[in-house]
Amino acid sequence: MTWTLQQVAEHNNPSSCWVIINNQVYDVSDFLSEHPGGSSIILKYAGRDATLAYEPIHPKDALEKNLPPSKHLGPVDSASASALKAEKDNRKRTKDEFRVDKALKERPPLHRILSLADMENVARQVLSYKAISYYSSAADDEITMDENARAFSRFFFNARVMKPVSKIDISTTILGFPSSIPIFVSGAALAKLGHPLGEANITKGAANSNIIQMVSSNASLSYEEIAQAASPSQTLFFQLYKHENDAIAIKRIREVERLGYKAIWLTVDAIVPGNRERDIKSPWILEEQEKPPKYYTEGEGSADQANVFGTAGALIVNDDRDMTWERTIPWLRSVTKLPIVIKGIQCVEDAVLAAKAGVDGILISNHGGRQLEYSMPPLEVLYKLRRQHPEVFDKMEVYIDGGIRRGTDILKALCLGAKAVGMGRPFLYAQSAYGEIGVTKMVDILKRELLTAMALLGASSVNTLTPDMVERVDWQPIVRSRL
Amino acid sequence: MTWTLQQVAEHNNPSSCWVIINNQVYDVSDFLSEHPGGSSIILKYAGRDATLAYEPIHPKDALEKNLPPSKHLGPVDSASASALKAEKDNRKRTKDEFRVDKALKERPPLHRILSLADMENVARQVLSYKAISYYSSAADDEITMDENARAFSRFFFNARVMKPVSKIDISTTILGFPSSIPIFVSGAALAKLGHPLGEANITKGAANSNIIQMVSSNASLSYEEIAQAASPSQTLFFQLYKHENDAIAIKRIREVERLGYKAIWLTVDAIVPGNRERDIKSPWILEEQEKPPKYYTEGEGSADQANVFGTAGALIVNDDRDMTWERTIPWLRSVTKLPIVIKGIQCVEDAVLAAKAGVDGILISNHGGRQLEYSMPPLEVLYKLRRQHPEVFDKMEVYIDGGIRRGTDILKALCLGAKAVGMGRPFLYAQSAYGEIGVTKMVDILKRELLTAMALLGASSVNTLTPDMVERVDWQPIVRSRL
Amino acid sequence: MTWTLQQVAEHNNPSSCWVIINNQVYDVSDFLSEHPGGSSIILKYAGRDATLAYEPIHPKDALEKNLPPSKHLGPVDSASASALKAEKDNRKRTKDEFRVDKALKERPPLHRILSLADMENVARQVLSYKAISYYSSAADDEITMDENARAFSRFFFNARVMKPVSKIDISTTILGFPSSIPIFVSGAALAKLGHPLGEANITKGAANSNIIQMVSSNASLSYEEIAQAASPSQTLFFQLYKHENDAIAIKRIREVERLGYKAIWLTVDAIVPGNRERDIKSPWILEEQEKPPKYYTEGEGSADQANVFGTAGALIVNDDRDMTWERTIPWLRSVTKLPIVIKGIQCVEDAVLAAKAGVDGILISNHGGRQLEYSMPPLEVLYKLRRQHPEVFDKMEVYIDGGIRRGTDILKALCLGAKAVGMGRPFLYAQSAYGEIGVTKMVDILKRELLTAMALLGASSVNTLTPDMVERVDWQPIVRSRL
Amino acid sequence: MTWTLQQVAEHNNPSSCWVIINNQVYDVSDFLSEHPGGSSIILKYAGRDATLAYEPIHPKDALEKNLPPSKHLGPVDSASASALKAEKDNRKRTKDEFRVDKALKERPPLHRILSLADMENVARQVLSYKAISYYSSAADDEITMDENARAFSRFFFNARVMKPVSKIDISTTILGFPSSIPIFVSGAALAKLGHPLGEANITKGAANSNIIQMVSSNASLSYEEIAQAASPSQTLFFQLYKHENDAIAIKRIREVERLGYKAIWLTVDAIVPGNRERDIKSPWILEEQEKPPKYYTEGEGSADQANVFGTAGALIVNDDRDMTWERTIPWLRSVTKLPIVIKGIQCVEDAVLAAKAGVDGILISNHGGRQLEYSMPPLEVLYKLRRQHPEVFDKMEVYIDGGIRRGTDILKALCLGAKAVGMGRPFLYAQSAYGEIGVTKMVDILKRELLTAMALLGASSVNTLTPDMVERVDWQPIVRSRL
């Protein structure tokens, strides 16, 4: 059975709400209240084609997973499909789309990208306003995001000379799995916003580079698509946002176990959405680009309420907000044999508790400054943990993420005891700018930088790094944009 | 009996000075020397209509309270009233008024206001130059005002994870009176400068939001008008500027007791006017907007002397400058049964003395940086008090105000022992931008921000907050304007 | 006997060098090598009228003091005098002179000057480029000058409330001489550069304000002219640059004793000229304003060598560079009964030595940052002295200067033990902007600011100020230009 | 035998690669793989004239030293020589060359250069983009370079007064060799990039000024040319980049011994090339100046791969990366009697090891921030070394370089125990701006500044300087560009 656009158009209200996605008709009336992003965004497309809005932020299996088969009503008829295609082809392009197209053509050749800053600069040109707003935004005034990075500039090296460094080994293991350099992809969502191939770019780049990808619960490809993009021996970790319903959480764990993911990184710093104003504001700014400014009368616009959670908030609406050390860790141990890492430790006290709870590792992280504004910079927490509780590093692996952009940043974290460091936004920028080869290039840059820094620090392998090789200084360097 | 404009115009000098306000004629000759704002500002309108200058900064009952009935000479005749109305209607509008009108029309819809910074940005557009100068000005070089806010950026969170936070209670009590969130309106004067309904906007917004308003001694509505604007169960506090004459002070206390105000907040940090140059300079800048620049000859302009106290200075000209712990607190206890809070404590030593004096609370405050330049930021005083004299917090309630703009700011103060925090300018900005619904919206924003921050800090109620959840760092974050 | 311009013009070389000043002819051939400013600047005017260059930087008696009567050759004839006058009247005015004239006409009326910053802003408009370069310049990169002022911003008040302050006494004594406010004029040279009446403006303003003026050795009026400008009971101090020849130094001391100066402030921080590049460069910049840029060939311009000491350097070329505590202080005590103050103490150790040497006071000063770049800010030296050697304050009076611009600055220094504070540039700016009434106004501003600050600090007299009322903070406030 | 351009042009590929330099033909086919700068830069000129690219960065003897005589094929014929000359004369000049020519003509006369900042400003105008990129570049984000200089601004003087300073001696010795001021030329490569006479400008300026030059291993003149430029009694030191092949290293040492160099400064902080992005990027920026922006397609430009080492990296490609205290120092002692200094000590620990190893001196240096980003600023290392291991200063001489631009900088280092300070970039800038007389002028400026600073500090010779004369402060001054 097929449907005409007219038929679909009749179901344009909350009591009967149909949408078309990729020429398939779905009845989402009952699903409205369950949609993590809220019902209003769906109702905007009630009775209409929603493909363009749906695709960049949903994995292919999202509808299958969430809608019972009976709500999958079948395709539109071929005349309607043609009409939809014509509509899409003839759609007036926005100023932002024109800007992006031009920027894509003017990208410098890849070999001119010397640093992650260069890569990010390209990404900022080629990303849609919506995408850059989602990727770059952070909580409140974005101070924490900045401070994560600025913390690194307060640590200087006590470089050693006259040490043999003609051969340097930067490889390591993470939870026992080999990595060619002590970095990993920290779970970062919605890669399709930046590049049509989405997270698969990162997966393939990670394969090329022999590093490990932690896949976000909120990836815009399905966990299966990502697993399929991986090479046979490639290691994938899974970032778990635990659902408040244990059964649903277990189902998700079973799925990734089945797909061959190798560890569970339980995310604990994002149980409610952070306040990312840049992300929330992006649709209004786009709207203003297209139209002349409007005079509002008081009270007007009440229907078009703000989604004060933005793109991100929608993704974690059913998270478990009542996790505890006593209940959640033993429960998780009981349902999976995979190694468990706690992602989002933000203070020394909780690092100690995590070690007591017997997890396999912790990721000191404040979610890239996207959650609690004024959460202590991860590098500062690592520094304090190393001084106050060095024994913790013997009991489990400790990682950090947030603000790492240079080989020297990696090196500082390693000196202070980190087993490896995670990176989120940089991978999104790299895949947005150049796709898979952008990701490979990014890791190449970091390898070169890390090798150079280790040679100049007098260290021939990551095992020889010690805390006395870095020193926290009592002044704040000025970090300028250059070139 | 009625008066013609010609008759009034004859009384245009210090020995016989009449003014018209709302078509009523007043003989203010004897009052000139008592006017807190000085005689020269009145003499500018001698023999003329003074309504436009009078209204935005005086409560309705100001003349009744201060002039004996015999000086109320009766109305102008109807021809004069018509003439005054025509004059008002035909008045050439100033550039600043045109700017304000345009800005009011271009205000964004309220749901796009995500933060107090957004709210202030709108207010800065729609406020008259005179109003923004009065509201935003601070002492000398406005360093203290800035430092009040910057102090918050030196305190970071040691966020805790794996704590149950699905239910969070942010309600509290202040002096035993319930508040839906630990904030209150700190006394802020002259709301009518920003919005024709003045302080009543705040009163009604506070009622909507279930928070408490401390009413300024220098409100531009009378204490009675404000009390009438309040809902039946609403709590109002009174900010007392103590008159140097005890009898006058008692009269004022009796009035607010009668009107149902629930506590006396004795203001001790403003016994002389602060040096607010932005405010003092505003009339000159407005004048320059209207006219081409002028060449002055030496000595010229001596009659047009500067009012070196500005709008604010005028308001406190008869304050008691000889208050002491020994005399004033016992006296105040003897004249009222209301709870007493000292507003304007600026160092640890005085906090301790206040506790010894047995008051019910202190507000650590430097008057928003409007009084003593380089007064220690309140958050720093709170931090030191908590470390040096934790016992003080058991003896009385401790509040702070100055520089609070985010939920995380509130949370930091609460962690360090504050029972609640006061806010002044933000309420003036909110009511100036959108009236009553601006005030309600502002509190909604803060509630959302505080709830988010507490969830991410791992705290389910304000009672569980402790000093170790915040840490004073030894670096200074850069706080940028964004978006 | 009179001279024609032609006759004078023949003496235009080093072996016979005549110049005309105010229509009088002088033979300065033998004096060339003794001129503190070097011979080249004189030779520029050899055989010509030098009045315009001479007058703004020399006291009237300079030639009489330095040239034997036989070298005073008498007047030019009347035709020549007329020719010189015509030449002067018809002289093409420079762009800088036009700028200054316009700025003088556009000065705001005096009552609009609210702060010393306002006053300096006017002065910067009305001063010639040469004058502002000399006044505002400081050593090397002018860091010390800035840091002198920035030091004050690191000291905050622990303000006390509930103290009786209806009556505040800010008067004090300096070396026993009364002053209406604890400030004095610190020796600042060449006031005629900024205003034709020169130092007399300051003298008369000081009389109006009941403060004490320390007269610079390098004043552009003679010590006698300044003494004559003073009121009968007015106190003047003398800033001594000690000549390397004791006999000449004694002669100078005898002169000021005779003129009624009340104390000797021996300057010890300027025995060689500071490197004030802004001052040295000013003639080149003026030259470039008048002419199109020039192409130089290598080696060119060697005759027009740079005076690497600038205006200031010339003034101290014969100073005693071998003063010692052991020799100089006893010698000075032996030749005068006047009180002795050492001006230019820059560290705690020397403050202690000065107390041991039995002088009457020290002025902690680094010459306004005009001498040794990176000399410790005076306020920091005072702070350390108070903590490390409080006994020094009982043995002699301690003053500071450098960077004081506000009443709160004065107050901080007084709290830390200073008996009074000196100010240099601000007096030059005030007299440049408005002459004598500018000086009076400036002191009025400071009195109002100091009274306000003391009331708000809870201090009713300068004797009650204590070090615990200020606190050195561990962060650096941002001091912005405002308004 | 002579060659035609056509004959040469046939050898335009890796298997047979000829180039013409100064009308001589060379067969560099076998040398391609050994070229420190990589083969691709040579292949760009395969079969063509390479003179313009070759000359500014190679000493004259570079080809002789590296190519066997058989590969020197002889001259081009005279027609070809004429053609080459015509080609060179008619070559279209680039925008950058036009800019440089204009800047050279507009240079201010030398006597207007008051400071090293003035000198650098001229150099930045007259240098080619390639040259300024090479000279001014530093590692990664150039933070270390900046911090080297900023460190000096945290040290203030405790200036002493009343000390005899009419005679000041700033001369010293370095490794026993006299120097008129405690500075020396730190090895800085490729002077010909900035001036056609190259390092000889520095050599001759050093002779004029009686200071010592340390000659870079990578000088653009041969060691012999430099030795020939020196005056008979002039002291030259040699900066050794030790070749990984001991025999080659010995050969180089023998050469400089024979030429009369007086000490070996073994460079240990540059065993791998630093990441100088400004340098690496300069050819692309120049290319963009000449052409309109280009659209690249993915993968394009792979042949034109980036040289990620830049100009500098090429120079150290065969350095010994396995030097150790145990092996290298005894070996070096065994092969030469010259004094040995370790250049590139970056922490206290290695300074102590160097003293134990018995070398004659150390240069605390991070290579001007060109190698390891975030290497501790040399002044901070010196400061710590002086406090933690004062005995080291008795065992050997200690020098620092990096960030020194003023006489006060030199003085601070001397107070903290440095025997002398090295300067690199400033000498390159001085010789680029004005050739030999620029170098002489630069030293004159520093002498005047140092003399002034010592007089004002109360020190009459470098031997009387002590650590207590400087104080590390806990705030960070703002260093602005001025004038």
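We call the chains A, B, C and D, going by the order they appear; numbering starts again at 1 in every chain.
The criterion applied here is as follows: contacts are C-beta pairs under 8 Å (C-beta built on N, C-alpha and C of every residue); 3 or more make two chains touch, one makes a residue touch a chain.
Values in this document were obtained by computation on a predicted structure and should not be read as measured data.
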item: Chain copies touching (chain A, chain B) - same or different residues, decided at half shared; value: different
item: Size of the rotation, in steps of 5 degrees, that lays the CA trace of chain A over chain D; value: 90
item: Per Cα centroids, the chain farthest from chain B; value: D
item: Rounded Å distance, chain A centre to chain B centre (Cα mean); value: 44
item: Where chain A and chain C are represented by their mean Cα positions, the distance between them in whole Å; value: 63
item: Numbers and ranges of chain D residues touching at least 2 other chains; value: 474, 476
item: Category of the chain touch graph - line, ring, star, complete, other; value: ring
item: Touching chain combinations (by label order); value: A-B, A-D, B-C, C-D
item: Residues of chain C that touch chain B when the two form their complex; value: 105-112, 114-115, 117, 153, 155-166, 406, 408, 412, 434, 437, 448-449, 451-453, 455-457, 471, 473-480, 482-483
item: In the complex, chain D residues that touch chain A; value: 140-143, 146-147, 150, 154, 244, 268-269, 271-275, 277-278, 280-281, 284, 293, 295-296, 298-302, 304-306, 308, 321-325, 328, 342, 344-350, 353, 366, 371-377, 380, 474, 476
